[in-house]
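In what follows, structures are represented as structure tokens.
You will see two complexes here that share chain A, one where it goes with chain B and one where it goes with chain C.
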Partner chain A sequence: MSGNMAEKAAQNFVEAYEAARTALPGADGWLARRRAAAIESFAGAGLPHRRLEEWKYTDLRQTLDKAGFASAPEHMGAVVLPEAAAASAFSTLDRYVLVFVNGRFRADLSKAARLPKGVELHGLADVLTEQWAKDLIERRFDEARQAEEIVDLNTALMNDGMCLRIRKGVKLDKPVHLLFLAADGGASHTRNLILLEEEAEGTVLESHIGEAASFADIVTDVALGDGAKLDHVKLQDESADAVHLATLRGEIGAGARLSSFTLTLGCGVSRGQSFIRFAGEGAEAHVNGAYALRAKQHADQFCVVDHAVPRCASNTVFKGVLDGQSEGVFQGKVIVRPDAQKTDGRQMTQALLLSRDAAMNAKPELEIYADDVQCAHGSTVGELSKDALFYLRSRGIPEAEARRLLVLAFLDDVITLAPHEEVRDILRGLVSGWFEEAST
Partner chain B sequence: MAAVRETVETVGEVEKYKYGFFTDIESEKAPLGLTEDTVRFISAKKNEPAWLLEWRLAAFRRWLTMTEPTWAKVSYPPIDFQDAYYYSAPKQQAKLDSLDQVDPKLLETYEKLGIPLTEQKMLAGVAVDAVFDSVSVVTTFKEKLAEAGVIFCPMSEAVAKHPELVKKYLGSVVPTSDNFYATLNSAVFSEGSFVYIPEGVRCPMELSTYFRINEKQTGQFERTLIIAEKGSYVSYLEGCTAPQRDENQLHAAVVELVALDDAEIKYSTVQNWFPGDEEGKGGVYNFVTKRGDCRGANSKISWTQVETGSAITWKYPSCILRGDNSRGEFYSIAISNGRQQVDSGTKMIHLGRNTTSRIISKGISAGKSSNTYRGLVSVHRKAENVRNFTQCDSLLIGSKCSAHTVPYVETKNPSAVLEHEATTSKISDDQLFYCMQRGIGEEEAVALIVNGFCRDVLQQLPMEFAVEAQKLVGISLEGSVG
Partner chain C sequence: MLEIRNLHVTVDGKEILKGIDLDVAAGEVHAIMGPNGSGKSTLSYVLAGREGYEVTEGSIRFNGKDLSEMGVDERAAAGIFLAFQYPLEIPGVTTMTFLKTALNAQRKARGEEELDAVRFLKLVREKAKPLNVNDDMLKRALNVGYSGGEKKRAEVLQMSLLEPALAVLDETDSGLDIDALKTVADGVNALRSPERSMIVITHYQRLLDYIVPDVVHVLSGGRIVKTGGKELALELEKSGYAGYGADAA
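Right after this comes the complex of A and B.
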């Protein structure tokens, strides 16, 4: 632990840990040791910075040093949702709602009664004595994985989160919606645990909203048993002063299927990381996303799919529209381990630059150690096609409308990959609203 | 598919390095190790002016502060830079007027390498500046080139005869502080070619240099500088082989290209340094910095490489597209077999308006080798209407090899249109079946498919090299290709 000025933010987190240590969930059990080990390893490494290959385009250290977040306070009273369309995005769906304010679960605002038999839904503190939760949390300590070091920060400081367990063969009747609201400024550390046992099915929706200068550090650990199916949609629209760091780690059993989609609209600096690992043959993972940025927003999408076993398929598509002085990043990697024959791994990143000052950095990587595989990746960057614009205008469509059509069509390509028709419609509405705002 | 599996297994045995002889000639070396004195020794040996010695020493002092890069996907035991000779020259060194005076043993060596100097003079129309370890032995076709005003000579001669050109351009593309190996090269470089094409001249023949590391435990640090003045054109060929040895040899070259307005440089390499034996013992460490600067408007630089040798390849021929409308091209075939490790690719830095670039990379891994494409396409804020197309395909032969693709794309200008695509696969059973049901044997079919896979790049090679390259592709995959 150095007293270095440049490490100010890391130092703050270490101090926050010392201050909160005894009050954090699981302070009297096995987790206390894990937290101690995690904070030590975090203090040693510090916050990630540009000189680390995985963080080449996003300097979290600099961002957090500049912002200087303290811990977010607990918010007790009533809350007002921001006016942004994203705040009420999933409200038309029939769903279970879990509300987290400043990173803490608020039972009084939530609505998750009468869950089907075989579905367990708890706050983090309530499941720490259960073996399955311990297994998920301790995974980080089994083997160090690349770019996951930052998860140590979350392990040390995680305060709350949603823990969902669906028993063997049970199908969740309606989506679980997690609404994370940053009502006040400050840092919050959330850990969600999702376990779907064999042949279980479920849908989890997440929305992250707020108008405060907040730092949201969210880790979602997912384990899918053989033949399980999880649909996961995450929507993020926070304030321009907010920093968002979300890590999704998934372990997928034989014949299971994970379908994940992220729409990023808000936030000053956001980083969405996904680490997917196939544990059984014949599994499938879809990790897709769209982002629409403007002003000085910076969004980094980082995705590693590890084909550790044969006969799995993965597909990653990220598409983004960049306006203003915004900057988009895509870093992806498909790893095919020795013996992971018959792998089908695909990766695509496309970005549309709408302004002179926008920038895009992409790095789709393949790392392949088996020969009988089909792997491909693609990457394109460009502006709106002049030919396409001309075509539409020659048919009497005004330029503004033509631009709108082309931008929305560009994003629609990937929104189509999101699970559930109603969800897709909601996402389309949000993107369209974003464009209206951008052009006025 | 049984036959394929079998042949894959025998690949290592069949591929015997046919250039693995070494010539026993007395040579003169610098003392073992690297100190300021070594740098002074080299500089003194070459009768260099004071400014160049200073330049070398500055690089050397800089090098002492640098650490070896570790980001490439290659692994090797640490290199002891003090356990190598940084200068080696064949002893007999009298002035030579004609080929007849050259030590017949040297000529024999070249004969084995397949560059018959004596015949070439009459036949091929290829001027060869042959580099034997560190001293250029003989340069043919000088007169004919002189007529056109082309300067084509060893670097040391250029330093003596054209110091103004060398001073102006040396280190202007790859600065002495560029990277660990380039800085090392700047301190101890001992030979290389210098090419100057005057304004408006189309070089009357293909220029070619054959580099060869002969002496045991010596590194080869050549430095090549090519300057194409306004409206000129030159095509330069470079071929590399090294003798077979148990210990590893270090090769850290620097190549700088400068293309002024409307000039075009085509640089082709066939690299076949000793790759080590089947167990990965010995072989050349090839750490090369190659960069071209399209300094003038409408200039063009094209890199073509066929990489079949070296235990480790660390090489990224790049283009800085500074001049408006300039164009950079990179065509590469990288074949790795046995325990070879290749980390190669290119950088296209778009600074000027309307600049275009094209990258075609074909990686073929066999045996237990590892083959990585690592490339960067970067578009500067002021570079309008940039166009890039990148395609990198990998072919895996056998289940113990690996192929990796690491492309970086960085854009700061919306008018840029950048496309990158990459695929990795093995030879498909369908393709094989199609060929075989038409009566083509399995081995031949594999050869056919691999040839087709490489065709885009092979086509870019000048005639003289295309034949050799095709042969090399065959040899490198012998057993699995047929």
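Right after this comes the complex of A and C.
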């Protein structure tokens, strides 16, 4: 193994690969070769660090070197969900539930029987012989190479995940909810594959919870056929000692629509990456999110939307509230290729600083090579308006309540963009709960 | 009800009010008139307790209590209401939520029972009707996209719902056409009662045709330079403020 192996964490991952290699899913087929190539390039590059433009504000190398995660153990016994409200979020919805503990699927805790005809749900190991899975895993986006390169780590070490395929024209009757619980400390590598064929529709909810010092490395690969519609909502509320790295790669067919929303409340360090590429005309992508941070939390949102074809619309809005010494990051890019006329591409990030020690770094970018397009991007960072606080208090609303109202109003603006009214209500409840914790 | 004695107020290190004495008894409506920069708005903000308005000398007592000891929301719960010259737009908070939160916060602070959704809705509709505030307006974000007239009507609705002991109306006539002014004035007049006092701050006499005051004060250069009956307002309308040590603006 060549390359820069000075870093402890990267070395641990390579060693973990060597130790697990023969036991990993797909050890006897194409994936074994793919994994070998991936770990080699990972070992060469090492973990990403601040000197890379796309990781400028989040030093994953330093974070993981310091944390020193071993591989998460397999957890066989009963599990106890954390007390946090996020742990039971979505439980009021009629849904299929797939539970993953320490990154591994637990059939005994899951409830996904009687799926409609034309809907297939599998573990990662079960689909590796299928061409569509291979296509999704091997696909690359490359528009943000430094950011995407870390997917190699996942490819080399992924040992479980949810694979959802919805056949042409089939509509999933209720959401699939993936509940990821970090019951013990350590690193887990999960790969989810989602294929919606032409005109198929479905909703996938993810929650990532846990009180352990864990490192979750999740890659979700999505392909939407022409006219397909996927709603994807991800909630992350892991412990202050946890590190969370989630990458969503989506290829969107003609007239298809991806609506993705992320709520980030937890983790010491988290990074959510989205790579979206339009493969057919008249498609839509909504990549939105909210985050509420406190203490020394650090959350990085990275989003690239590639308008490779004409007449597609993309909208990205991330809004966050930062208290304590927390730090938020937004890096986004909308690329409009020379042929992608009539593109409508928008990107906006807004942060509200509740403390003098909180910080926000925002870098929205547009790269436009077509002339008949509508594109806009913007970024604001501000504090709660003193005038607004005075106005509310002058009506008898105590200061803490006035602040709560204004913060929730600020976030509600983006929560409104999440799919499904019931889901929005759940997200609102979580944000409201976060604020009450903050003020007690 | 309100006793102001030798009140000196500084804003950003600059003295704006330079010794105000004012007594407003229960049930009285006092108008405070004066040119721009005379300290009218400062007086309204200092009554409401706005940050940055520092009382350097003198006192304000409200129903026997020293106001300087009370925070902004405590003053509101005690019965002081300021109708803003420029009501703020609060995106994301519906007018309905705002009104309910405010009313229940005040009731709670006074040890009264909070209203449930049903009773609140009934009450707010009853108060909103005479002010031509419909459900659609109540469901919108507070003051967002409201016209000038709608904003002022919403202020009067807040006042009507919160039933303050002392209402301070800061340039409530600004930006209103004559019809809107009448609606707002009717709303205010409906709230006049022997227990409720009002301070109507205005640059122009026009508003006082509709909200007829018991006493008129002229504020100039941070002091009350003249006090009289309602006829004083008419006098000012003719002669302007030129005779009161300020430009005729």
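As a working rule, the second predicted complex is superposed on the first by the 428 of 440 C-alpha atoms of A that agree within 3 Å, B and C clash if a C-alpha of one lies under 4 Å from a C-alpha of the other, contacts with A are read in each partner's own complex, and residues count from 1 in each chain.
Throughout what follows, contacts are C-beta pairs under 8 Å (C-beta built on N, C-alpha and C of every residue); 3 or more make two chains touch, one makes a residue touch a chain.
Bear in mind that the values here come from a model prediction, so they are computed numbers and not experimental data.
The superposition on chain A brings chain B alongside chain C with room for both. In the superposition on chain A, A:A359 contacts chain B only, with no contact to chain C.
Chain B and chain C, viewed from the C-alpha centre of chain A in the overlaid structures, lie at an angle of 70 degrees when rounded to the nearest 10. After overlaying the two complexes on the shared chain, residue contacts for A:H377 are found with chain B alone; chain C is out of touch.
After overlaying the two complexes on the shared chain, residue contacts for A:E399 are found with chain C alone; chain B is out of touch. In the superposition on chain A, the chain among chain B and chain C reaching more residues of chain A is B.
In the overlay built on the shared chain, the residue A:Y369 is in contact with chain B alone; chain C does not reach it.
Of all Cα pairs spanning chain B and chain C in the superposition, the closest are 14 Å apart. Touched by chain B in one complex and by chain C in the other is not one residue of chain A.
Across the complex, chain A is touched by residues 71, 394, 396-426 of chain B.
On chain A, the positions that touch chain B within their shared complex are 53, 338-339, 341, 351, 353-356, 358-383. Only residues 48-51, 71-73, 75-77, 81-82, 84, 87-88, 90-93, 97-98, 101-103, 105-106, 109, 141, 158, 162 of chain C touch chain A when the two sit together in their complex.
For chain A in complex with chain C, the touching residues are 385-388, 390-399, 401-402, 405-406, 408-410, 412-413.
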